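Okay, so chain A shows up in both of these, paired with chain B first and chain C after.
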Partner chain A sequence: MRKACRELIHYLDVTVHMFKMAVMTVIEYPSNIAGWLISNPLQFIMGFAIIKFVVESFGEINGWNYGQLAFLYGLSVISHALSMIFFVQGWFMGYYVMEGDFDRYLTRPLGVMYQFFFTNINIVGITDLIPGVLVFIYGCVKSGVTVNLLFIVQIIVTLIGATLIRGGIYILLGSTSFHTRSAVDFGQYTQEIMDKTTMYPMSMYPESMQFILTYLIPIGWISFYPAASFLGINSRYAGMMIPFITLAVGVLVMLAAGAYFNMGLRKYESAGN
Partner chain B sequence: MIDVQNLCKDYVLKAKEPGLRGAIRGLVRPEHKKIHAVSDLSFHIDDGEIVGFIGPNGAGKSTTIKMMSGILTPTKGCVLIDGRDISKHRKEVVRNIGVVFGQRSQLNWDLRLGESFELLKHIYQINQSDYDRTIDDLDSILGIREIIDKPVRQMSLGQRMKGDLVASMLHSPGVLFLDEPTIGLDVSAKYALRKFIKEINKTRRTTVILTTHDLGDIQELCERLIIINNGVMMEDGRLSEIVDRIAPYKTLVVEYYDESAPEHDRCEMTEHSGNVAKYRFIKNEVTAAEIIADLSRIKTIKDVSIEEAGIDDIIKIAYGQSG
Partner chain C sequence: MKKYLYVVKTQIIKSLTYEFNVYGNIVMQTIIMITSAYFWRALYQGRGMVGDVDADSMLTYVVMSSLLSVLLITNVERRIQMSVEKGTVATDLMKPINIFGVYFAEDIGNITALLFQNVLPILLIGSLMIKIPVIADIRDLSLFVISAFVSFLINWLIAALFGMIAFSAVNINALIQVKKHLLRLLSGSIIPIWFFPAGISKILESLPFVYIYQLPLSIYIGRGDRTQYLSQMRIQFVWLVILLGAFFFAQSRVTRKVLVQGG
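What follows is the complex of A and B.
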């Protein structure tokens, strides 16, 4: 127990230091962040403008009104941004495998998956966080949810779970590179699928797809079920416990991802020189 | 103390046939070919040794060193460092090893060199006073303080190598692995690197294991050589012993006043051009003095010199044995 505590403190200490280094790296190239600061928020503000246009034309989407859609969209973008900060490297894992970049992590006394993600913390992901938070707050106001301590706790739990689900999926996809030994950039496809399924009410898709997105690829838990519960919209699963189920699903996906990653790592072949 | 027991590493390759038809056949019914990159390697390395791994490209040196440093999982066999299997207890065992790859840096490209050291200080939980002492120590050998504030991306290859060496020694490991550390370095950087290796080996009793193609590295550093070819150990022993065993000859170079040169029955004339003749003889069978005495009785000698079998000869012979 004491050993586990010491280890946790060690990891936290390293994490804090890696975070500092990530900030220093961003400061080293200030013009880059200016570019991201313009393009990333714009992408999501435009995305939201489209929803606004659709709702204004048709009244609502699948029973969700404008404010409720903003709430869902914002929740989805926030967890997307968090996953970009911590897990975006999963998209590029194939390149690291091909280039033999795991060598360095394997010769250090820390978990390899931990090092892979945390030596590459992507501070720039914060630029996605800004539009997410703005649209989410707008959604909260428009849809009239009661903001109290319980709500805030539930939202935090949801976001942690949702980030873990996203991150876990990136890792699962990225880890296939250990077996295929090819570098496929899954990022774009993953992002397309995630956007289309987490930013709009999942109930608008056919039953069979909803089933898949609930049980097989548990994307539904990222934003749809939690948002429906917060907003009191009728859906397959609803209630106070939903955020905790999201968290549990997130932990499960992450555990599976970790196991698959470590399985792949044993097949890791480095790169010849 | 390192124990390598029956170490094997196989790679599975899909055999590729030519053309579209071959590609389709490979897809439908892939033929797997097993490549033995390293087969059945066993040896023991004591604390404080400097061991050089040599062998041609693709011989399995890097694969071996990567298994020894925990990067690759062996197909069979094991690597024990201080009695513990590195592939089973990776996190604990790697605390006591340092690794430098000539072609890959572990330094953070974007930041000043010192930041990479700071991170390692946290990763290895080095306390401030030990950290300062190690930096001072290594500074006196490599002059690292001159470049500690320089961003790594602006460094020359030699400076980056110095940075990588310090980075690998910060946690004072008992074993240091170097995979082709002198590759691409200029003469003075190579000199600094060799001095560094000798120094840490002497003062800190660090065990050093390196792969190299550089004859200078071998001559200057390696007390012991392990020669690998096609994944199999060809030789293991002290440099001088290996020389005696696989190249037990010397060459006597004799210059005469004209172009005719006499033969000698106890050695072999390997070359004869102009006034110069070369005689190769086995060290234990005959001495150079005897040959010179015999030859000078037949013909007047202008000048003589003796060539020892060089490391390059040894390597050529050792590589050739299985080539």
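What follows is the complex of A and C.
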């Protein structure tokens, strides 16, 4: 027990240092920060504007009005930002495998998965967070949800779960590189698919696709089911428990991703020197 | 010229080695295409024409946009950044071959390989699962091909110009992302800009982005008439000339900069 405690404290200590280092690496390229500061908010402001244009051209989307869509969009962007901060490396795992960068992690006395994600912590993801929070607050006001303590707790639980789901999916996709030894830029693709499935109400898609997105690739739990239940919109699942289901789904996806990552890593080892 | 053809050939062979990439790309792009098709079907449900276009044409737009996006993949910005970051740029510039020509040839090689690896399968899947993308008016086919070719050049030049920023900024990951988002959202590749408010689409029409995706696709689905196409293609061509000028200017600037600093 004490040993486990000491290890945990050691990891936390390392994490603090990694965080500091990550901040410094970001500051190293000033033009890059400027780029991110423009790029990320711009992307979401434009994305949000496009939803407005679509609503203006087509009217309500599957019974969701503009305020409710803003709520959904905000919720989706916030969890996207959080997953960018902690798990974006999953997108580039193929390149690490191809260049043999995992060798470095394997020689160090810390968990490989921990090192992989925390040595590369992506501070600039915060620039995604700001527009997300703004749109979300706007959505809360527009759709008139009652903000109380319970709501805040539910939102936080939802966000943790949603971030884990996204992160888990990135890791699962990235870990395929261990087996295929090639790098597909999954990031772009997953981003595009997730944009369409988490930022618009999932109920607009046919039953079969909703089934897949609920049970097989649980993207629906990231923002659709939570938003629907917060806003009181009819959907397959609704109620107070939804945030906790999201969290549970997130933990499950993450566990599966971890197992798959470690399986791949064993393969990587045996292939190495 | 022969040297560049050789680069094209090597790149084709290189692209063929990573088999999994091909399947991965096809699967992912198919999912995106089908999701988009459902997206538009849901939006158009119970509505006839929106923005002068009906649901059927929009589905053609989706399939063709997926195909076009494969042909508009560029790697030049990443290549420039890598050679600047690793410092190989100095020796690259000393070689008796234009380095930007090599990058262009590489992208051409890559796309040639993709034509068979991705475009054909996606076209097949799209035709089976969504609809066969038939051109609205066969007489406009030549216009479509020409404008698609010019849009390829514009797209490549924009990528190369963004890449050249690496010579002064070194790390341009963020800028590459900026470009990607600008392109995705302002070119009409996902949501055509005719759904935007009139004022905004007017502004966007004066930027080069819409001439990358939306113009060739509009010609394909027949939104507009011949005179409109021709006048838009004229603007597209003007952008090509402007970007070419900017490209050659920037090229001479960055090469001089590296040589003066004594690579």
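By definition in this document, the second predicted complex is superposed on the first by the 268 of 273 C-alpha atoms of A that agree within 3 Å, B and C clash if a C-alpha of one lies under 4 Å from a C-alpha of the other, contacts with A are read in each partner's own complex, and residues count from 1 in each chain.
By our rule, contacts are C-beta pairs under 8 Å (C-beta built on N, C-alpha and C of every residue); 3 or more make two chains touch, one makes a residue touch a chain.
Predicted, not measured: the structure shown is a model, and the values here were computed from it.
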Touched partner set for A:Met21, first chain B, second chain C, both or neither: first
Touched partner set for A:Thr107, first chain B, second chain C, both or neither: first
Touching partner for A:Tyr268 - first (chain B), second (chain C), both, neither: first
Touch count on chain A, higher of chain B and chain C: C
Touching partner for A:Leu69 - first (chain B), second (chain C), both, neither: neither
Partner chain in contact with A:Ile193 - chain B first, chain C second, else both or neither: second
Which of chain B and chain C A:Gly35 touches, first, second, both or neither: second
First (chain B), second (chain C), both or neither touched by A:Gln43: second
Shared chain A surface residues [contacts with chain B and with chain C]: 29
Complex contact set, residues of chain A against chain C: 29, 31-36, 38-40, 42-43, 46-47, 50, 53-54, 56-58, 61-62, 124, 176, 180-184, 186, 188-190, 192-193, 196-197, 200, 204-206, 209
In the complex with chain A, residue positions of chain C that touch it: 18-21, 24-25, 28-29, 31-32, 35-36, 38-39, 42-44, 47, 50-51, 168-175, 177-178, 180-182, 185-186, 190-191, 195-197
Residues of chain A that touch chain B when the two form their complex: 10, 13-14, 17-18, 21, 24-25, 28-29, 100, 102-104, 106-111, 266, 268-270, 272-273
Of chain B, residues touching chain A in the complex: 11, 58, 62, 66, 69-73, 90-92, 94-95, 97, 99, 101-104, 106, 108, 110-111, 115, 118-119, 122-125, 151, 179-180
